[in-house]
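Look at the two complexes coming up: chain A is in both, with chain B in one and chain C in the other.
== the complex of A and B ==
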């Protein structure tokens, strides 16, 4: 059995089903993200695992022990909250030692040693006597990590811990979380609506949509083979075109006479929706197949890349190109569809 | 042109004018400070001053220095008993306001929005009705021939002394001052972020430990404020003990009123006031220091 084994987890509030029969296996040391928009059930799932929500049905086994029925304090899990939930009336030491006082029977000296050790790991050496309110956002974030890591939990749970931070700090903390996990290898579940965090941090990503498990796979697999329109759109951007499948292994755009050769893997797909990633569309290619003419409809400079909307036949396609804008509205260009695939609508 | 504009705004915002800076900062404080000085501090100082002079039946104050009022208050067993009665009454009323008010404040802070509104309305409602009106309502209920005793007499054939004793004074004062504990407790519990108790549970604290170490500790400033209000007001209460109590339910406040208004003995009344103020301040300070040192409130409040 996997280290974490969740079977048919279900939570309903009256007629509203928040989590609908989701099953999930996590190997020891794995970092798994639960990715979904708000209302997808990801927080309910995390709270069920942590013991703050009683699931309607299902089982949650961690390290061989059934968790359902155990109060939160008897599950050896560390939870990092969205708003950190540090205790404002306690020093850094008392925040970090809080769990040690309840979970372990240590002398004051042993406790001091453990706290000093973990503060070293999160790069806050000597911060014991600091006041929580006088710490920067990043330092508070690290105290929140230290407070759960010091207990050496079986399972580490993150509830969107970076969503309240500004962009720069978010990037930095994301790297620190990744780094900590690489060093300590604690099995982790990370709840987020941010696909970038999910893709960069995780070994595997669970995509939830309206309480249902849509996909559970490594990030690259999810990105390269989204399988459904929801995933193709939620994990990265996509252009969608309705197509009809031809006899000779081609797909034809519904409103145009544009035809593209179909991938072999898509031959049996029971669908007529084509997705094309913006980065898989090249403007004015030097040569090659699958080139069509179009007109630039809009240009947005995003810094390192420029985003264009280009009309090809009756459809508008979003595409990105490195560097500053090279084309302006109204320009005639050619576009090449380098890669694409079929997804379920 | 641009230079002229920046020069102008520079002048407008960085006036190096110390007198007007000083005025900007302190002018708004002048009227309330003047009010407090004229109508509070000076009268108190005057009262303390006259408490050191003899009473005269003809001129009220005869300007002969004496310590007799303080000797009488501090050494006469009657007056000692009166001070002790007032302190004991205040401690009991404060304690019951905490015991009843804290759970109510906790309930209001943690219940559903609809129940919270109803409960807050119920707590506020007595504050809308004047103390005297409310107390006369109780008299109608509790009197020897009042509503409760009439029912008791008819059904069970006996009556209870519900009015004119220390019990009725205590119940009355709790009723009057309970909202003063409930409201600050409610507001300080409501300010605690929702995630702190779950965080404590996640770190191994059970429900009771999480409540004590997080909710209770963080609500202490509210509880402290509320109990100090109740204690100080009970120490100085006059109307409720007067209307609900008997002859022996004499508080320091009633003594001041009797001496100053009925007896016209202003020096003695002033001495009682001085002793009462010092006692109240000292007890509040001891309580405050205890909570601060034992609970570590001051660091974050």
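== the complex of A and C ==
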């Protein structure tokens, strides 16, 4: 059995089904993200695992032990909250030592040693006597990590821990979480509605939609073959076009006479929706096939890249190009559809 | 209650200071209203206190204000007056016992209502705040009838007074505790339990310290209410267990002298010292920390 085995987990609040029969396996040391829009049941799932939500049905087995029925204090899991939930009336030391005092029988000296050790790991050496309120956002973030890491939990649970940070700090903390995981290899579940975080951090991503599991796969697989419009949209901006399938392995855009050869993998996909990623559209290619002419409709300069909307036939396509804007509104261009796939609507 | 009013006036003054000095007619009118109300608050709350202290300083039997001279004569008289014993050996211990019991009960009830899923939550809340709604004289009468029931003869009067005062103070300790518990983020408690603390340990180490200022203000309110109550005490007092307000009430029926004013001034001083002392020891700012 996998290290974490969740079977048919279900939680309903009256008529609202927050988590609907989700099953999930996580291997030891794996980093799994739960990705989904607001209200899709991510927190409910995580809090069921941590023991703060009583599931309506299902089972949660961690390291061979059934968790349902165990109070939260008897599950050896570390939970990192979105709002961190650091104890404001305690010093950094007392926050980090809180779990040690309850979970382990240590002398004061051993405790000091353990706290110092973990503060070193999260790059806060010597912060023991600091006051929680006087720490910066990033430092508080690290204390929240240290507080759970010091207990060497079986399972680390994160509930959108970075969503309250500004962009730069968020990137930095994301990298640090990744580094920590690579170093300590603690099995982790990371809840987020940020696809970038999910795709860059995880070994596997669980995509939730209205309480249901829509996909559970490695990031690359999800990205290359999203299988449904919901997932495709969620893991990145995509262009969608309604198509009709032709006999000779082609698809034809609904409102135009534009035809593209179909991938073999898509041959028997039960769908008529084509998606094309912005980065898979090239403007004014030097040569090649699948090239069509279009008109630039808008140009947005986003620093290192420029985003264009280009009308091809009756459809508008979003595409990105490196560098400063090269074309302006009204320019006639050609576009090449380099890669695309079929998804379920 | 007076204490709360003074505190809110003070904070109003402080926030008033911070407002921008625009002078549109609306702002001017608003400011006039503000200072008018402030004046009213000061004159109804502070002025009587100043007058009482003034009267207590009279050197003669006359209760003149401003005092006809400055003397501490009535404070010396207090030490040998019929007020001394009720003050220190009846009212004070009863107020301390009342405040302690009422605060503990208030916290327990508030915790259950706020943090546990119990049936009839609204009814429980109504029950605990009902002494606020029922006229005090009715409560006093009901308490007198119940507590003087002859099966309860073995219970000392002072204990009955504590029971009576717990009844009239519980709405205040309960409501302040409720607000205080609600102000503690439930995620802090979850955080503590995730780190291995049981429900009780989490309450003791997280919720309780963070609701400290609510507990303290509830305690002070209960103390002051008990210490100054005359109604319930009038119905329940007997013999050696006569509380200070009742003693003053009886005294005033036959005599008048600045002794009463001096006693009242000592009462005010005691409450003031208590407020400052507890404020210093525990800190009123504790609650602000949790946000």
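Just so it is clear, the second predicted complex is superposed on the first by the 345 of 345 C-alpha atoms of A that agree within 3 Å, B and C clash if a C-alpha of one lies under 4 Å from a C-alpha of the other, contacts with A are read in each partner's own complex, and residues count from 1 in each chain.
Here is the rule we go by: a contact is a pair of C-beta atoms (placed from the backbone, for glycine too) under 8 Å apart; a residue touches a chain by one contact, two chains touch by 3 or more.
A quick note: this is a predicted structure, and the numbers were derived from the prediction, not measured.
With the two structures aligned on chain A, chain B clashes with chain C. When the two complexes are overlaid on their common chain A, residue A:52 makes contact with chain B and with chain C alike.
Contacts of A:161 after superposition: neither chain B nor chain C is touched. Of the two partner chains placed by the overlay, chain B and chain C both lie in contact with A:79. Overlaid on A, the two complexes show chain B and chain C touching the same residues of chain A, namely 50-52, 71-73, 77-79, 81, 83, 85-89, 98-99, 102-103, 133, 147-148, 151. By the touch criterion given at the top, residues 193, 195-196, 198-207, 209, 213-214, 217-218, 296, 299-300 of chain B touch chain A in their complex. By the touch criterion stated above, chain C contacts chain A in their complex at residues 185, 187-188, 190-199, 201, 205-206, 209-210, 286, 289-290.
Taken together, the chain A residues at the contact with chain B in this complex read 50-52, 71-73, 77-79, 81-83, 85-89, 98-99, 102-103, 131, 133, 147-148, 151.
If you check the complex, the residues on chain A that touch chain C are 50-52, 71-73, 77-79, 81, 83, 85-89, 98-99, 102-103, 133, 147-148, 151.
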